[in-house]
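Presented sequentially are two complexes of chain A, the first with chain B as partner and the second with chain C.
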Partner chain A sequence: MLFNYIKIAWKVLLRHPFYTFITLFGITLTLTVLMVLTSFIDHLLGSHYPEYKRDKSLYIMNLTIQDSARSSMNNSPLSYNFIKEHIQKLKTPEKVGFSTFVSFANSYLNGKKIKLNTKFCDANFWEVTDYEFLEGKPFNEQNIANGEHVVVITDAIKKQYFEDETASAVGKSIEIDNEKFRVIGVVKAAPVTRLMTFSDVFFPYNLPKSNYQTAGLQGNFTAIVLAKSKSDFKAIQEEFNASVNRIPLPIALYGQKYDVIEVRAQTYTDTVLHTFMSGGREIYFYIGIVFILLILMGLPAINLVNLNVSRIMERASEIGIRKAFGAPSSALAWQFIIENIFITMIGGSFALILTLIIISIFNDSGLILHADLSINFSVFGVSLLVCLVFGLLSGVVPALRMSKMKVIDALKSS
Partner chain B sequence: MLSHLFKLIWNKKRHHTLLMVEIWVSFLVLFGVMSLISYNFKNYVEPIGFEYENVWALDLNKNQDTTAIADKLHIILQKIRSYPEVEAASRMSSNSPFSFNTSNGSINYKKTSVHGDYYDADDAFIHTLGIKPILGTWFSQSDVVAKFKPVVINQQAKEGLFGEINPIGKIIGDNQKVVGVIGNFKAKGEFSDNRPCIFNLIDDKYIFNKVLIKVKPGTDANFEAKLTKEIASVAKEWTTEVSYLTDQRQNQHNLALVPVIVFLIITVFLLVNVAMGLFGILNLNIAKRREEIGVRRAMGATAGNIKIQFVGEMWVIATFGVLIGILFAVQFPLLNVFNIEASIYWMAIGLSIVVLYGIVTLCAYHPSRQAANIQPAMALHEQ
Partner chain C sequence: MIKLSNIEKVYQTSNIETLALNNINIDIKKGEFVSIMGPSGCGKSTLLNIMGLLDEPSNGTIAIDNKPVEKFTDKDLAYLRNQKIGFIFQSFHLINDLSILDNVEIPLLYRTSTNKSRREAAKEALEKVGLSNRMKHFPNQLSGGQKQRVAIARAIVGNPEIILADEPTGNLDSAMGNEILNILLQLNAAGSTIVMVTHDENMAKKTHRLIRLFDGTQVS
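Now for the complex of A and B:
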């Protein structure tokens, strides 16, 4: 039966190439936009290089202090002291790595300026992330304890700084901000959108310029807490909150007294959403997304509904005869819905090809440095779901109209 | 004729509901994107108010250094000014032009108050950025007399606080004496709002870590390397970040333009979709109404009459959709949503109407011409 429906749908498609073109054009464009969007969101929030363990990690990015009247607020990343006292001492996590947010440094080479993103991190940072070492190795506890001037650089920086690309950069010296460092490892560069792990060069955290000795709770560090498994999240969060609750209040800072500390260990998605829409405003984000999706899918869907309803008479004889032979309305409605989903799937496959092309152009364009947008299994799954929803959205109304047609009307007009 | 068309459409309103909904939603999408474009365009035509070519911004980060900061800063500034490559150098608060830092609040004069940006700068600031005061003068250290601190405001702040009165010598806030007025100062680039702002004279004791320098054209990274080395030799623990204002301006522009471009692409895609749909539906409608056209032609209607009828019908349908859309859109200027000038919304509504009718006409024209070409003999013969 299903096969027959699809065969009919195919014949209908071939009957009017012009309308088929309009239909497929609309479906393809709509689905392409949605697929690119999905891929982009996956790029921002999914587990990708160098954070393959993102779904097993909790992120601690910001610490907010407020006075009891909530009139004054101070929001900033964590201090090294805070990490040492309240995060590294936790017993439930598997590992804790930390690093500074990205800052900038300059390097000059033969009258050319290379602007570098810099990050200071500890030895565990290399274990909670999955940076791929093309040469050399990360710095370890020993290097850090010795206060060595070592640095891990990315392959992109190696290409810019060292003339001989084929020779290993390990052991060579690189001058950054008028200080010399020994290259200890070369990693594959990560996209700039990995907020907490991206950088061009990585220094040990205990160099003076990292400002790690800042007193107080706030500084410029962020931490990644790797759990043994996802189910441990709750235990880690409880232990962490208990540890934070032991901090004596109030805290004095710049002559102000603060009584409320707010710091959370959250999944990456929650952390990002929390940063950009603090204070329960996440709901607006979701409303916004739903609204945009509704417009994006709604308008082309209405368009298709219009076109299909206008073409209803083309199928009148077929409907009339089937009804006269006793086919129930529901069977007819299902037939038209399945037909519509079939057409949507054809459009969807065009869209998939188009999306692949757009993504590869985008990745090469350098609009986002080292971008690695891709269509993976989850993106593909979501895209398929989107196709189905769109097919239903644009198919139900015409299908109901067609199935409700009276036998007399249907047969008379032909 | 027109009332006749309205009657025709009204009689088949159920049939046309979906078309109207489609036009209504298209109108709202268009209105959104047109508001965004009008807003940015209106900002863009206002001059930025300063020169940024060959200006570098030096971020001096003192890190954990706490000793003799003011002295070191003084030495560094003198060194910078002594280079022949440097035309002018000025200290400034961290919210330098095109940076992502902001500092703002209210500026008060007697009982009036405007919301504006706060900047701190020294006496060389106007030479570095090529600003010319339109009233009074730029401040200098000699203006610091008794308890009054010299400030310079821009034209927007002057209009907001003083209207037509000459503000020179007036005291704003507690003890800020206006010594000069400058024109526009749009620090976040051409696409930013033209906001009121106020400049305070940088206090020698207070530590601001930004230095703007204007270099001679053609100065390259070799000089930059020399400069950062020099700074490092004065203050060993400090880090210096050099950025070019032209690059930072580009960043600000990207930030303003990327959303506009993304929305524009999406809107164009939606409208192309709608246009093709309309085209298809009209074609089908005309095929269905061949007999009607045949009878009208036989009764003496000209080809032009037929064309006008079909385009006119489409206009009437569009009018219904647009009217409902306008009902929603006027809420934005009336309720002053997002605190944007009402004129931008009115402009957006106007543009949306023009574009939408343009699309509808374009879609209706070809099918209508086909309808006009129908010969009565052919059309009536089929019956």
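Now for the complex of A and C:
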């Protein structure tokens, strides 16, 4: 029977090339939008280079202090001292790495000014992340302890700086902000959207420029806490919170007293969502995100269901005929559901191809530096699920509608 | 076999009420060949649709094999339409997207049957109506008379006990019309119960019984 339904669907499609084209075009477009969107979200939030361990990591990005009346607030990344006292001393994590957010530095190449993204990080940063070293190696505790002027650069920067691309850049010197650094390693560049790890050049955190020895809790560092496994998240968070709770209050800063400290070790997704929000109101942000996603995904989805429903309702007379010759409503419902899934799957395959083309164009366009949008297993899975759900949904709705229709009314509606 | 009691059918459109059938009482016996005649618009198709369980009367009861159909579920009705009844529509009602052969196969699709047996049965039915050379065609490639014959083939393909034919010869020349009548007579001789709407007195004469309708009322 299944084969028969597919055969009928196939015949119907072939009989109306133009109509089929329009329908498939609509479905393909809709699913492409959904797939590109899914791919984009996955690009932003999924575990990708150089953060393959993202789903096993907690991120600590911000520390907020407030007075008891909550009228005055100060929000900033962490100080090196805070990391040393409250994060590196944690027992539960596997490893803790830290770095600054990206900042900028100028460099001159053949008289031309180049703006570089810079980052200061510790040796563990290279272990909690998965940067691929094409040449050389990361700086280690020893390099840091010695205060060496070393730098890790990306392959993209190497290309800009050194004429001979085939020769190793390791050991060569590079001048940034009027200071000379020795290249110790070359990594494959990461997309700019990896907020916590992206940079063009990476310095040891203790170079004078990083101002790492600022007093207080706040500074310009963020930390990545790698757990032994996801199930340790809770324990890590508890240990971390307990440590933070031991900080004596109130804190004096610029003549102001603060009694509340807010700092969280969160998954990457929560961290990102949190960053756009200040304490307590994130729920609105979630609602906003969900709302935007619903519109972005919902409109094409509704369009898809509509397209399929009208395609079926246009065949009311066929429904009437089949019923007149003994088709139970359930058989018709199955016929249309399978037909819909079939056509949605065809549209889905086209959409997959189209999506691959679009994201490869997007990746090459440089709109997002070093973008690596991809169709991985989960994106594909989500897309497939979306196809199935909408195929099903757009089959069930008309199936329910037509089961209520009297045979004679269906017949006469032609 | 089919018993209609006090059947009334009212069509309600915006503010006009049409009484299409009024107090109809008909009892069709097993093996009978009954014809229905009457002027255009007198309710013949409406009556046949009700007999074929395609439409519901506004009032009155229908019993098939002495079982009242009011209590039947959608599934039961589908089963009855599929196993017992073969309907020939006045306006053919073929599925334009399907080939002639696929159209004729439809009643068998909803029975347990193999692809092959369905094909065979459909071919056989098309042969009976003289259309075996048009199997791969599509409905809109056929003349009105040819479409009518496809509709007949589809109605007889499943060997139903009851054949309800709404002007099955209305679009055919007299030679073809007689051929179709002969097919129906043969099916009747083989045991089928047939109800046929016709405008042709000569054809009606060859059947067992004639019911005349006028303005929704049974006049004989």
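In this section, the second predicted complex is superposed on the first by the 348 of 414 C-alpha atoms of A that agree within 3 Å, B and C clash if a C-alpha of one lies under 4 Å from a C-alpha of the other, contacts with A are read in each partner's own complex, and residues count from 1 in each chain.
Note that a contact is a pair of C-beta atoms (placed from the backbone, for glycine too) under 8 Å apart; a residue touches a chain by one contact, two chains touch by 3 or more.
Remember, it's a predicted structure, so these values are computed and weren't measured experimentally.
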| item | value |
| --- | --- |
| Which superposed partner A:S317 touches (first chain B, second chain C, both, neither) | second |
| Partner chain(s) touched by A:N4 [first = chain B, second = chain C, both, neither] | second |
| Which superposed partner A:I368 touches (first chain B, second chain C, both, neither) | neither |
| Which of chain B and chain C A:L400 touches, first, second, both or neither | neither |
| Contacts of A:F325 with chain B and chain C, given as first, second, both or neither | second |
| Touching partner for A:I408 - first (chain B), second (chain C), both, neither | second |
| Which superposed partner A:L44 touches (first chain B, second chain C, both, neither) | neither |
| In the superposition, chain B vs chain C on chain A residues touched | B |
| Chain C residues touching chain A - in the complex, by the definition given at the top | 49, 52-56, 74-75, 78-83, 87, 89, 93-99, 102, 106-107, 109-111, 115, 138, 154 |
| Touch list for chain A against partner chain C, complex | 4, 8, 11-12, 15-16, 317-318, 320-331, 403, 406-408, 411, 414 |
| Complex interface listing, chain B residues touching chain A | 18-19, 21-22, 25-26, 29, 63-64, 220-222, 224-225, 228-229, 232, 237, 239-242, 266, 269-270, 272-274, 276-277, 279-281, 283-285, 288 |
| Residue ranges of chain A in contact with chain B within the complex | 18-19, 22, 25-26, 29-30, 33, 104-106, 108, 111-113, 177-178, 208-209, 211, 213-214, 295-296, 298-300, 302-307, 309-311, 313 |
